[in-house]
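Each chain gets a letter, A, B, C, D, E and F, in the order it is written, and its residues are counted from 1.
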Amino acid sequence: MSEGTIKKFMYVNRKAPYGTIYALESLEVVLIAAAFDQDVSLVFMDDGVYQLRKGHQTKGIEVKNFQPTYRALEDYDITRLYVEREALQARGLTADDLCVPVEVLERAEIGRLMEQQDVVFSF
Amino acid sequence: MLHIVNKSPFQSTTLDSCLATARPDGSILLIEDAVYAATRGSAAAARLEQALGKFKIYVLTPDLEARGIAGSVIDGVRLVDYAGFVDLVAEHKGCQSWL
Amino acid sequence: MKFAILVNEGPYTHQAADSAYLFCRAALAKGHEIVRVFFYHDGVNNATRLTEPPQDDRHIVNRWSRLAEEHGVDLVVCVAAALRRGIREENLASGFRISGLGQLIEAGIQADRTVTFGD
Amino acid sequence: MKFAILVNEGPYTHQAADSAYLFCRAALAKGHEIVRVFFYHDGVNNATRLTEPPQDDRHIVNRWSRLAEEHGVDLVVCVAAALRRGIREENLASGFRISGLGQLIEAGIQADRTVTFGD
Amino acid sequence: MSEGTIKKFMYVNRKAPYGTIYALESLEVVLIAAAFDQDVSLVFMDDGVYQLRKGHQTKGIEVKNFQPTYRALEDYDITRLYVEREALQARGLTADDLCVPVEVLERAEIGRLMEQQDVVFSF
Amino acid sequence: MLHIVNKSPFQSTTLDSCLATARPDGSILLIEDAVYAATRGSAAAARLEQALGKFKIYVLTPDLEARGIAGSVIDGVRLVDYAGFVDLVAEHKGCQSWL
């Protein structure tokens, strides 16, 4: 049973927000995961880095702005947020453009971290 | 004719398909995740800047704002809201959505 | 001007349903006519009356129903696509009707412009 | 070995639901255990009992139900994703149950391997 | 009303078969469209050319093989099938690899045809 | 670790993302529309042939057969059926689906 087991869970976000629901529903998984006392990390790769791009204003598309939830992750003790350096560069972004503090990693380094996980959920 | 593209240029080859097919003087409207193609300083910017010499390129403002990139639009790209989107469809004889 | 709209994706999952709705509303506001909104592929899932989004989120299905009620927009769900995906009279939201693909072609013939929203 | 399966797309539209099912069947045939199939995002649409595909096509929903019946596989539909998309007890197919996202994390903890099928 | 009106309808297929349902459901639209006495043409671009790749054997994925339907299009008087030359080349295919006779066109030529349509449905 | 890819390399950049991230000696399984990446003579073939020097690459036979391309697989790519897919997942410590 799950009692006492601690596994490494990685949540990989590779999709842009709003065009599809994956970013939002991924975040809902992460918030629930926080209650399970597992070893949780989040990765933002490829278009997933756009989820953290500051300044979402969703009034014009009449969709809920869920960006504040990323800032609440810290309250859930989810502090390991990794962002792919190459993805930021390709999009003309830097860590200063993001809405939360993150650790920027080379893609290869993310590949290494991925190898160490017990469970990888990718959205 | 009006071409509508809704995919990120970093994830999908759809915008490239559209650009390679549309006739000179055609119009291209970027909506949903395709609005990222209209931002300055990205790896897709050069492609779009080149396309501006051949097509009229429009981008949907509410989709830019939702994604926090309304301040990063490439010069020469025209901004439209939903009313402007409707006008574009009405002004062009036909439209093609590159899904 | 007369518009026909084709919606190919379900609610919430892709932005297509939102974009289609906002386009319709803007077209009506400008005095255009929406001769039909046709729901195909996963678009048929826009028509389920069992949807219950979180309180702070938009209700995509009810929004369509209101468009039908307030503006008389004909909301047609493709029967073949609907049966595949579990949409039938018994879970159909108000303002929608289930019919054949011929209704899409007919809308394309009648309308001055046909616009597709999908993935 | 114990497998957990995550299904992120609806039936018929994407091949993901087919691939997930065929993977489960192959795993069971090899003597592995499927601790849970969790349906998330549009994957919740695999659970509607109202689906009626053409006669000459596979019945994706019934196939899952049979997997639950014959092999005791636990088919769990995420409640939040399901409410958004109009899946509730009243249109739920046999063998499925609706529960929270915690069931996905729990499955990930219990299983030796977690495999995701999606778009 | 529709009585007597003849419009040019183009069906653009850009997606591979089986991975998603679009190819199959697009074909279902085309078969219905045939009953309306409109001017119908089909275009296969990008991964859409794979829909016509000979020799689909779907037993292993337990999905219906709908390739025979393309061969039935002629019976519905749908004879204008255009295939993108660049898409074939990029995939290492020629018209001989396809299950039906088609007209192979340059992408630019397809763009010109598209301009002449009244209605374009894209799948 | 086992990387699973299901998108056509002509339509999506997902395979490129996977290839750029996976560690040397990792395994990559192509399923669904990604099986097109394993065919000879296509514009994506060179990329895959190069990747064969770094990764073990597998392709799901039922998905190849469905698409009529079982006879066109690049040399060095290993064929598996669903039972083989299950074995691959069991043999690797973890897996990542590049959706």
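In this section, contacts are C-beta pairs under 8 Å (C-beta built on N, C-alpha and C of every residue); 3 or more make two chains touch, one makes a residue touch a chain.
Quick caveat, the model's predicted, so the values are computed rather than measured.
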Considering only chains that satisfy the touch condition with chain B, which of them also satisfy it with chain C? A, E
Partner chains that chain B and chain D have in common: A, C, E, F
Is the contact between chain C and chain D built from the same residue numbers on each copy (over half shared) or from different ones (under half shared)? same
Looking at C-alpha means, what's the farthest chain from chain A? E
Quick check for the class: compute each chain's Cα centroid; which one is farthest from the centroid of chain C? F
Measuring from the mean C-alpha position of chain C to the mean C-alpha position of chain F, what distance in angstrom results? 38
Report the inter-chain centroid distance for chain A and chain F in whole angstrom, where each centroid is the mean of the CA atoms. 26
Find the geometric centre of each of chain C and chain D from their Cα atoms only, then give the gap between the two centres in Å, rounded to an integer. 28
Could you give the separation in Å between the centres of chain B and chain F, each centre being the mean of its C-alpha atoms? 33
Per-residue overlap in chain B, given as positions that touch at least 2 other chains: 6, 10-11, 13, 32-33, 62, 81, 94-95, 97, 99
For chain E, what residues touch not just one other chain but two or more? 18-22, 46, 61, 63, 118-120, 122
Pull out every residue in chain C that's touching 2 or more other chains. 12-13, 15, 19, 22, 41, 57, 80, 114, 116, 119
Mind listing each pair of touching chains for me? A-B, A-C, A-D, A-F, B-C, B-E, B-F, C-D, C-E, D-E, D-F, E-F
Would you mind writing out the residues of chain D in touch with chain E in their complex? 12-15, 18-19, 22, 56-58, 119
Chain F - residues contacting chain E, complex: 6-8, 10-11, 32-33, 36, 39-43, 45, 61-63, 65-70, 72, 81
Applying the document's contact rule, which stretches of chain C touch chain B when the two form their complex? 1, 3, 8, 15-16, 19, 22-23, 25-27, 29-30, 32, 112-119
Using the touch rule from the top, collect the residues of chain E that touch chain C in their complex. 1-2, 5, 7, 9, 21-22, 25, 28-29, 32-33, 35-36, 38, 118-122
Give every residue of chain A touching chain B within the complex, in rising order. 15-20, 46-47, 50, 53-61, 63, 65, 67, 89-92
